[in-house]
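These notes are about the structure you will find just below.
Chains here go by letter, A, B, C and D, matching the order in which they are written, and residues are numbered from 1 within each.
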Amino acid sequence: MSGAPRTSGPALVPGLLPHTVELGCEFGPLLLKSPLLAASGCFAYGQQFAAFTDLRALGGLSTKGISPLPRHGNPLPRICETAAGMLNSIGLENVGVEAFVRDKLPFLRDLGISVWVNFFGTDFATYIECARLLGGAPGVDVLEMNISCPNIKQGGIEFGTVPEVAHRLTRACVEVSGAPIVVKLTPNAGDIVGMADAVRQAGAMGVSLINTITGMAIDVRSRRPRIATTYGGLSGPAIKPIALRMVHQVATALPGLPICGMGGVLSGEDALEFLMAGAGCVQIGTANFAEPGAVQRITAELRALMAELGLRRVADAVASLRPWPLEAAYQTPAAGEFST
Amino acid sequence: MTAAQFEARVAANTRLGGGYFSLELEAEEPTPVAAARPGQFVMLRGAWGRELLNPRAFSVLHAEGKRLTILAKAYGQGTRRMWALRPGEPMTVTGPLGVGFPDPDPEITDLLVAGGVGLPPLHMQARVAAAAGLAGKQELFYGGRDREDLVLLADFERWGVAATLATEDGSVGVRGYVTTALAPRLEQARAAGERVRVLSCGPTPMLVAVRQIGLAHEVQTLLCLEENMACGFGVCLGCAVPVHGVKPYRYCCTDGPVFDARELRWP
Amino acid sequence: MSGAPRTSGPALVPGLLPHTVELGCEFGPLLLKSPLLAASGCFAYGQQFAAFTDLRALGGLSTKGISPLPRHGNPLPRICETAAGMLNSIGLENVGVEAFVRDKLPFLRDLGISVWVNFFGTDFATYIECARLLGGAPGVDVLEMNISCPNIKQGGIEFGTVPEVAHRLTRACVEVSGAPIVVKLTPNAGDIVGMADAVRQAGAMGVSLINTITGMAIDVRSRRPRIATTYGGLSGPAIKPIALRMVHQVATALPGLPICGMGGVLSGEDALEFLMAGAGCVQIGTANFAEPGAVQRITAELRALMAELGLRRVADAVASLRPWPLEAAYQTPAAGEFST
Amino acid sequence: MTAAQFEARVAANTRLGGGYFSLELEAEEPTPVAAARPGQFVMLRGAWGRELLNPRAFSVLHAEGKRLTILAKAYGQGTRRMWALRPGEPMTVTGPLGVGFPDPDPEITDLLVAGGVGLPPLHMQARVAAAAGLAGKQELFYGGRDREDLVLLADFERWGVAATLATEDGSVGVRGYVTTALAPRLEQARAAGERVRVLSCGPTPMLVAVRQIGLAHEVQTLLCLEENMACGFGVCLGCAVPVHGVKPYRYCCTDGPVFDARELRWP
């Protein structure tokens, strides 16, 4: 397969030279060197990747989710593979705020790329504590607030699925954080636009879409779930169509709200789909496991593809999707909705 | 000897019977995997699109210069595809990864307890020892379901490493589990004041038994574990291994895959 | 690959001879010849498959969704492929109740397998009309009520996502239908258990889980959605983990409620996963496109696998999942929930 | 001649340049595809796991006995994999499917307008005509981007079928679109009172142009369409084609792929 010739489709405009493509872009108040970032939980705290890739080629990275106290994570097995995807139930294992700021942050700060610190709590108080401590730490560009964990006890699930609760939680964190807050939403919520709007009104700078989707797999021989906690979070290319749809829904309903899109990006073309759907930047998660240089490769692919399509700046791509022309003879009059 | 990710091509894919195969890969240049110790592993992935996302872990059987060889059994999606690979097909390799077994020691006899695809680390330990003139300090205990489940025996013979074989159907060696032969050997060592340690790799139920026997006889017992892995380099946190101590888990890929039996929070 | 030897894992009990496995099973009041049925929209009205496969080897089939009047469907493109899945927006194109009963039903009735007629309306009145007309037609074993179409105007989306609305709609249809009603739920609903419970209490005989998940794909060269209606329904192996999880959630929360599971079944092992998760029968959809004999092959695989695992009857498999033993040393004390 | 699904193996995979390749498959026994008419197609799928779910449609280029050949271009996921297939690898075939072109007619000249991978149905039409001694009643109009985009020309020469070539870069034949040559030819036929019809297959923009020219000249114009297909046998309803009439759509796989230009609800 790898040797097959590249036969390109019709270019929209004459191509550009790749080096003339400008990947630097704005995301809300931020200036990113590139719209491609490494996703939370898939890049640890960055160090392990230095042996494999040039971390400065990244637009930024989001850290493993940080909680006030260290967490040890879930029983095993914690991961398994599914068709074009994987399930995980790591259990938000992390070193805790104190060790993170002391041991991990200095390394990240020195990279000169956008540092997003993903965090979560188990209740209002711990969320707020995290936002205060991390949002004030030097070198933190964004606090990415994970309200998606379907596992936390004490009504935690409501953080990610009930708009009013998410609104209150976001407002409380925004008030104490020195850094802008991007809220990471869960696709398990029934009404993703309602959730995005709720956190936007609470002062979130933007939203990250999407976290993993709750899923399950069974080993029929042992008759056990393949993940010890029965359910796990589905990531990878399998979820890309769902992620793209949610990004497009939110971008269409709430124009102007910065969206960081993610879910199954493995190539520059995948990343461009997210930009066109309305994401201002894109995170890459699962792809890093197989290929520690994934973000760098995908960045090169994105640049080449943008050049081929005559897209000089990231802003030329963002939300540039064209609707199907209703006047075309290929269309029946009533379009715009779908059913199977 | 830091790990790298590089491209390689299948140089040979040899079917050994029973679904086992040894896959030899060749890179463009000498690779860091050539420095791998027994027990270290590589992550392998073929050009198989988006269906199988993550690479699979394989112990290094042998590596030198541009070449590296692994031993596997066609079982799941990945190994079945690998079984069918033909010379020239591409694979992406990451490695060497993990912490391996300790060096052979002239003062200590290594009892190598292997089951199924757990052979490679012990195979390499025996080869390294033989190259250092310590073949006499290596003894293989090798178990499988049947005759086809025991492969690469000729190598051990050539190196002069003694082998005790066991099959569940009794077709080769003693009938039953290989662990049955381990306890008497440890008794004998104790009686003779001989210094021994146990190095083992294989299916988890076997390792559980080896651990209990090793602990009962108070000999150093090192187990090479095979946890599900997504990354192999300490990032996904999927390969947790339950241990005693302040932290309930360590990581198979970076802290292991070789663990001391005492450390494991196992039955 | 195809030549690779089958090396089986540890059998739980000594294997059985495949012909001693009894695939006939109960599903609510029904007796099925096999727990494997063809899914709605993926088998048309059955006829096309007669050239390729023995239709009598099926446990049953669910027809393309029927509405009171014929529908012509959506503009094109209507389908596209995604990683391990496909999107479709066919638009519920169908021949309408009258032509269905006259031209299609007799063929199905004569097959001697369980005939499930999938139906939908555009409002309460048309749903009820369908239920009355189809539920009274001879040869209809089950009415499978599709409340999942995310596209129908006039608040149609509420049918599938708001429990009270689904409850009222189901009750109204149950009252006029001569055949038992199985309600097909949408995974786009935030609370799948709440939806299942609502329709159960309204008199549904069971539920079908899951319909397609709303998704999107973009052709970056034309900058257009790959589906003319922008969004389409995602099916295939990509969604299997999500479908299994929903089946397990409903089976666990509402034991006794018959569940027809589906989503990405391509093999006997996939089907067995659904049974173990709690489905009493399983539908096979997208697989039929590539392989018109898919249901028959999967049935043979299921039989062989059940024999290997010592499962003599379907009931031995249904909801037979074993939890991870909490006492095992592999477990930390607090388990049972998951997070990434 | 009802369709069947059967297994076949790659007998030959010939690369023709420009990403084009002809793939010859062989089944165990003679297949129903041997009876395929020009314009009929098969659905093909390799043993490529769960990633690519659905088979892809390919016009039959040639079929006889156990063998069938298609012509394709490495473009998307499926054709790129097919490009790399090697002899012996398995493929699942369903066919023959659809309704093809009408038989060559001694009274009528077929103007075969082909673009890119649209060549096969017209190639078969010309072969069938030549075999019936009607090569003189076939004329090929064949367009592509450049020299590499025009393949299998030698066959037409051998059969004695006249060919007018056009490339966008002017490297072969006239510079520009193949449709430019069609209108003058239709004028000429009208002036000479010659009976002609247009059979065409290729990219949609080309077919749109062919249709407009054909309709403007009031000659029968038959277009072989290539809609996205999931099943190929009338079940998924994915391959709708917009038509005039009571029903807004017909189906490419069962009602086509050949449609009369007048019927299409196209610009």
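Please note the rule applied: contacts are C-beta pairs under 8 Å (C-beta built on N, C-alpha and C of every residue); 3 or more make two chains touch, one makes a residue touch a chain.
Values in this document were obtained by computation on a predicted structure and should not be read as measured data.
The chains touching subunit A as well as subunit B are C, D. Centre to centre, using the average C-alpha position, subunit A and subunit C are separated by 31 Å. Centre-to-centre separation between subunit B and subunit C, using Cα means, comes to 44 Å.
Subunit B and subunit D, compared by their mean Cα positions, are separated by 55 Å. Inter-chain spacing, taken between the CA centroids of subunit C and subunit D, is 37 Å. Touching of two or more other chains is recorded for residues 49-52, 77, 242, 248 of subunit D.
In subunit C, 1-2, 41, 72, 75-76, 83-85, 88, 90, 236-237, 330-332 are the positions where the chain touches two or more neighbouring chains simultaneously.
In terms of which chains touch, the assembly is arranged so that all chains touch all other chains. By the touch criterion stated above, subunit A contacts subunit B in their complex at residues 1-2, 41-44, 48-49, 51-52, 64, 72-73, 75-81, 83-86, 88, 90, 93, 236-237, 266, 286, 288-293. Within the complex formed with subunit C, the residues of subunit A that make contact are 9-12, 41, 65, 72, 74-76, 82-85, 87-92, 149-153, 161, 188-191, 211-218, 220-225, 227-234, 236-242, 244-245, 248, 264, 269, 272-273, 276-277, 305, 309, 320-324, 330-332, 335-340. Within the complex formed with subunit C, the residues of subunit B that make contact are 18-19, 50-51, 73-75, 80-81, 83-84, 242, 248, 265-267.
Only residues 2-5, 43, 45, 47, 49-55, 77, 90, 92, 94, 227-231, 233-242, 247-249 of subunit B touch subunit A when the two sit together in their complex.
Subunit B contributes residues 48-52, 77, 86 to its touches with subunit D in the complex.
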